[in-house]
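Here subunit A shows up in two complexes: once beside subunit B, once beside subunit C.
Then we have the complex of A and B:
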């Protein structure tokens, strides 16, 4: 059988040819490399990028933050490799922090580089950070938090799973940058008093940061952002009330040939803290209490909408709801012009559960 | 152009040594028998003066019980007054002998050759009672279920099987194989169930043996294999009569070999190697789970170590961050790359395993301690091996023992080394290649001419009830379709 005789030869040939598909020329042996986990990108002088990372990552060794300054990311990586005895690799980048200045300048060119590298996952967490990030990392490592990169990653992964705070990754961010009917958002962190704190959501127009939702409004911002969500605590500090385990549902519909948008937010959950003297004993009292809270929440939501309209950004992706199966009433420019002037009607309905009343749902509504 | 000659096919034809196979020369006479057995220290010639006639007895002393000779042959002869003394040997084992060759065979099987002077020759065949009693199987031990197993005696083995299949359609055909060993080989099959084509191939293969010494059924299987250059066993070797009975009843062919406690079963499939008789003792769900576990364990045994090496050498990107942290920590102080680490650890493990098999049982404990503590703990402490590697190696080693077929266990070891080299060279690509090659190879294999990967390929839907999982016994109404049995249904359809 001639075919059988050539089989080993063919196999060898196939191995040799397809061997080119493997990155055999690069060494990835894990003790020889240093996979970077965290990047901090800051704006340097005259438009350069300052690229900082923790070296060595993922090892119980003495660590420090090293920074290189260059015009491009790749050049920065090259310079970084010259500074450190192990080759740094990008295949395990999990988090990228942008300084506020960098975010204001625009992120597309940076993210494009990351997206182009097949090693780098598109699920890299992105965030904007204000303050001295390098100082924070250094102080953490000096005070014994050696695996700060790992802890930060676990924190992000937890936030993403819980879905109560803003998280975003390269894929989500760029998908929204290129989406005509939505604008990207990133979590906004602040370094203060040697701690890195989630303090709201950064709003982007295109790839440039234009504003932010402060932490006090962030819970309400999340209610508008997702169709369905859960919030563990919703503090209404003006009313001295804290709601807990709130399930939120948002509905959007346009009326009046897209001049008006109705946003219905339905909340269902418990009240966890009430001010002293607040009576919720009878169905009527409870109903009054609910109406009061609904108004508070509505005010908050209106404020957020006003703010986004004033900034001319659409972080909720409302524009995507204008697109139907066949109709596409707005182009990117038309929607960008229409959204800031659109009439937004918000309707909040709150249902308190576990109030202790057997007939609590029977009489209401 | 002399070097071309190197590639040319060597002339491998040979002329069989005539002396090996030639029947002993001469006609049947006491002189010739004596000459045949010269220089055999316990060959005994006994001359009896039985009345008028003289009678000569030939036998080999170590075969024959001296007392039995006295009582069964000498006494009847002495008390026989008439001339035809040889005829007086009263025994059910009496055989008339006509040729010298026959005489040789009978004497060497423990017979006693009796010559009387008028030329009558007969032999009394005394069965030697050497052999073990029926023990339980050590190779395929099970917790519940029948415990008896085959031993080295062909007749007893046949009895064990016939007790389980007491029907006349269980046919047996006998051959003698091996020019020196004269090993008896018995082919068993169920007439009316087994496909006659299988029997034909089996008979053809059994006829073809040309070898001097065949000591074990594995020698015979090596001579019958369809594919010599494969690591996969193409005959199932088992010493469990219940397994054999089940195989016969499902339409397979069984070889019993004398002086071997292992019978051969064919045709088998890749999936048969993962079956244990215990599958049918458990509830069907538990049995299915355990069988599934064995397949998973096989995959682990084959791919865990190569995958670890591929990941640590090529694909650090694939590992979850927390895992990478552990890996980097454990790898950081090892003086050589993962491939060599894996290779050395695997070799050490194989050496340990082989040593524990060859060692007397009493020193086994020492080996366990040396193996477990020195190789495992001390190597990690000394920084020669990483602890993750030790875990990976030991998990895959334990997993490899879940495969009930011992031949398969060792075959998987060899494949593991091949995959390891591929993994270190090309990473996951290499493992993919290995897997592909493995699939191609398995697909091309046959056992007794039947496809090795059936019922997966060619596909037989009805056989899947007893492949990866096991259906309840009441649902297994049909025999395996890939065997093309003459009778498809296991059930008679008659109500009891």
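Then we have the complex of A and C:
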């Protein structure tokens, strides 16, 4: 086709593209927007939602925490824009912290609202925080840690990669909320002494927080939660022993009648610290030492199972193991009723490696 | 469609289409839009069996389509239809066909435009984008049927690489294989015929080849191409369904509008985020390809309908473009802004695709068989007298 014949088509395209500006009903001029990285949601005194964030993120200006109080999340965003000379945008949200009160109230409607915005990724980290989060953020910024939002994001990303602590994002949380045979969990942080510290795992029934696993039990909770994992440090304070680089493997078997569930936890790793005078010279002594530690770990795991049964939550997704090739023996409601009364048998097997090192040190002592 | 092999018209074809052109054409027609939302319609693991069942039924249809081209006694294309049905019935048939291709083209295009508008460019006017996309379709379709069909290779290669981005979702920790259970149906769920209708519609597309002139295809090549395309389509549906199911779980998957797109939004590479910015535009190649083919089919139908009034030049083509332009504008103004209306149209498209894929291959096969039988009887009667 000769070039002249292209001209009308090119003209038409040019007109449409150039004229496109007049059809645009909202703009994203970079100087006019301010992407938000962190959100903190708390319950107001009158039941409203207090929405806080750091502004301006990613810009070299003086930062501050801005808080709005409203009945809905979107209204809060609208009110925030009335307080600030740029339009805040959600495309860069990386973390959402919920206060304990907010988590007790239920998170699904809040997360659904957030996910309606296609700019917001379902990879956004979620966590529950206890204490004065706004005060913590303000103090961090005043003490020169201006990029506290990015610092926290990197910390979360590190925890996720490491896989030893509880981390969760919007997708993982909602996938568990809608799963009939599992309940969601979120990391539980606490603000104390001007520090934000990982303090365990928040347990949810549906989308409402109903309890938590304290930090002292969290490492054992992780052994039950993941099919396979690695725990770099397993402190057994009652036995004055610290195990290290422990590879964990969990297996679940139900009896045919689904009245009993057997959980086998296999651990393999090293002893990092032992009490003075601990004898592991002979294989028999080492075996006795291992059995003793197994009993300690088993007690911890049983305590965790008891707690989850008492709270009527299944954070381990045990119910999913009841589903077979041919049938689902329980509905969501039936499983929720059955799980708290189910007999759980836990069996721990521990295999200690590199015990020669342990012996040589023991000899010197 | 008129058969004028070697001539310089819009529908002229210099040589029969190759295996790749035919296979990729069929595959892109089948998977274009259904691939995006089929997983959330299926949701239950037992539906894997239903996909295989639909693929098996589709295989039978493909054998019938290939058979129609293999019979030497029956004329193919438009002439074949007229000779078999008579001019009055052909007129109605072409009118219905024009409506079908226009509707399919508009719903596919606006469905895609809606995704772009919702996820990539919420600030852009959806109708304007639809019209721009239609211009791209015209740009391709104006090259004629032969070049447009051969563009299938570009359309396939331009979009198939996207599948590799989903491979990490097939493995833990993203995939929870227990979501695939139970694989056998516990009971007959209500309303499953509607799901089967959607799956069946998701295999439609090869029936459009029935309008090709016989000279444009080699029957044997067509058969192997369509069988390969059908098998690959079934693989694609199962692959994406399994990935979505193991990632979301059945209950959560049902709540997703476009699970395939949402899945890609979950990928976070150290050097790139928001991969949907690349994936969704890549799909435009397939959309432009399929709509361009449908535009040519509409032009062909107009040409055949108004044979005495319109010359065989470009007038039917531009008329088809104007009709599509007007319909795009109307759909963008009155249908797509209302989510429920848009969903209704998508459901109607499923009905339309399921109907055309059920009726056309069987109907053409039956007509061909009747024609051959008649000829055989005439020949037999002549021989005996």
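The rule we apply is simple: the second predicted complex is superposed on the first by the 324 of 365 C-alpha atoms of A that agree within 3 Å, B and C clash if a C-alpha of one lies under 4 Å from a C-alpha of the other, contacts with A are read in each partner's own complex, and residues count from 1 in each chain.
Keep this in mind: a residue touches a chain if its C-beta (ideal position, glycine included) is under 8 Å from a C-beta of that chain, and two chains touch if they have at least 3 such contacts.
Everything numeric here is computed off the predicted structure, so don't read it as measured data.
Engineer: State whether A:150 touches subunit B only (first), subunit C only (second), both chains, or neither.
Structural biologist: first
Engineer: Would you sort A:208 into first (subunit B), second (subunit C), both or neither based on which partner it touches?
Structural biologist: It touches nothing on subunit B or subunit C.
Engineer: By the touch definition at the top of the document, which applies to A:259: first (subunit B), second (subunit C), both, or neither?
Structural biologist: The answer is neither, since A:259 touches no partner chain.
Engineer: Of the two partner chains, subunit B (first) and subunit C (second), which one does A:123 touch, if any: first, second, both, or neither?
Structural biologist: second
Engineer: Would you check which partner chain A:158 touches, where first means subunit B only, second means subunit C only, and both and neither mean what they say?
Structural biologist: neither
Engineer: Could you tell me if A:35 is touching subunit B, subunit C, both of them or neither one (first, second, both, neither)?
Structural biologist: first
Engineer: Intersection of subunit A residues contacting subunit B with those contacting subunit C?
Structural biologist: 23-24, 28, 121
Engineer: Subunit A touches which residues of subunit B in the complex?
Structural biologist: 312-317, 319, 321-322, 324-325, 327-329, 331-332, 334, 337-338, 425-427, 429-430, 433, 437
Engineer: Going by the contact rule set out above, which residues of subunit A touch subunit C in the complex?
Structural biologist: It comes out as residues 9, 12-13, 16-17, 20, 23-28, 118, 121-123, 171, 174-175, 178-180, 320-321, 323-328.
Engineer: Can you list the residues on subunit C that touch subunit A in the complex?
Structural biologist: Against subunit A, the touching part of subunit C is residues 118-119, 122-125, 128, 131-132, 135, 138-139, 176, 178-179, 181-184, 186, 247-249, 251-252, 255, 262, 265-266, 268, 273-274.
Engineer: In the complex formed with subunit B, which residues of subunit A make contact?
Structural biologist: Within the complex, subunit A touches subunit B at residues 11, 14-15, 18-19, 21-24, 28-31, 33, 35, 37, 58-60, 89, 91-92, 94, 119, 121, 147, 150, 153-154.
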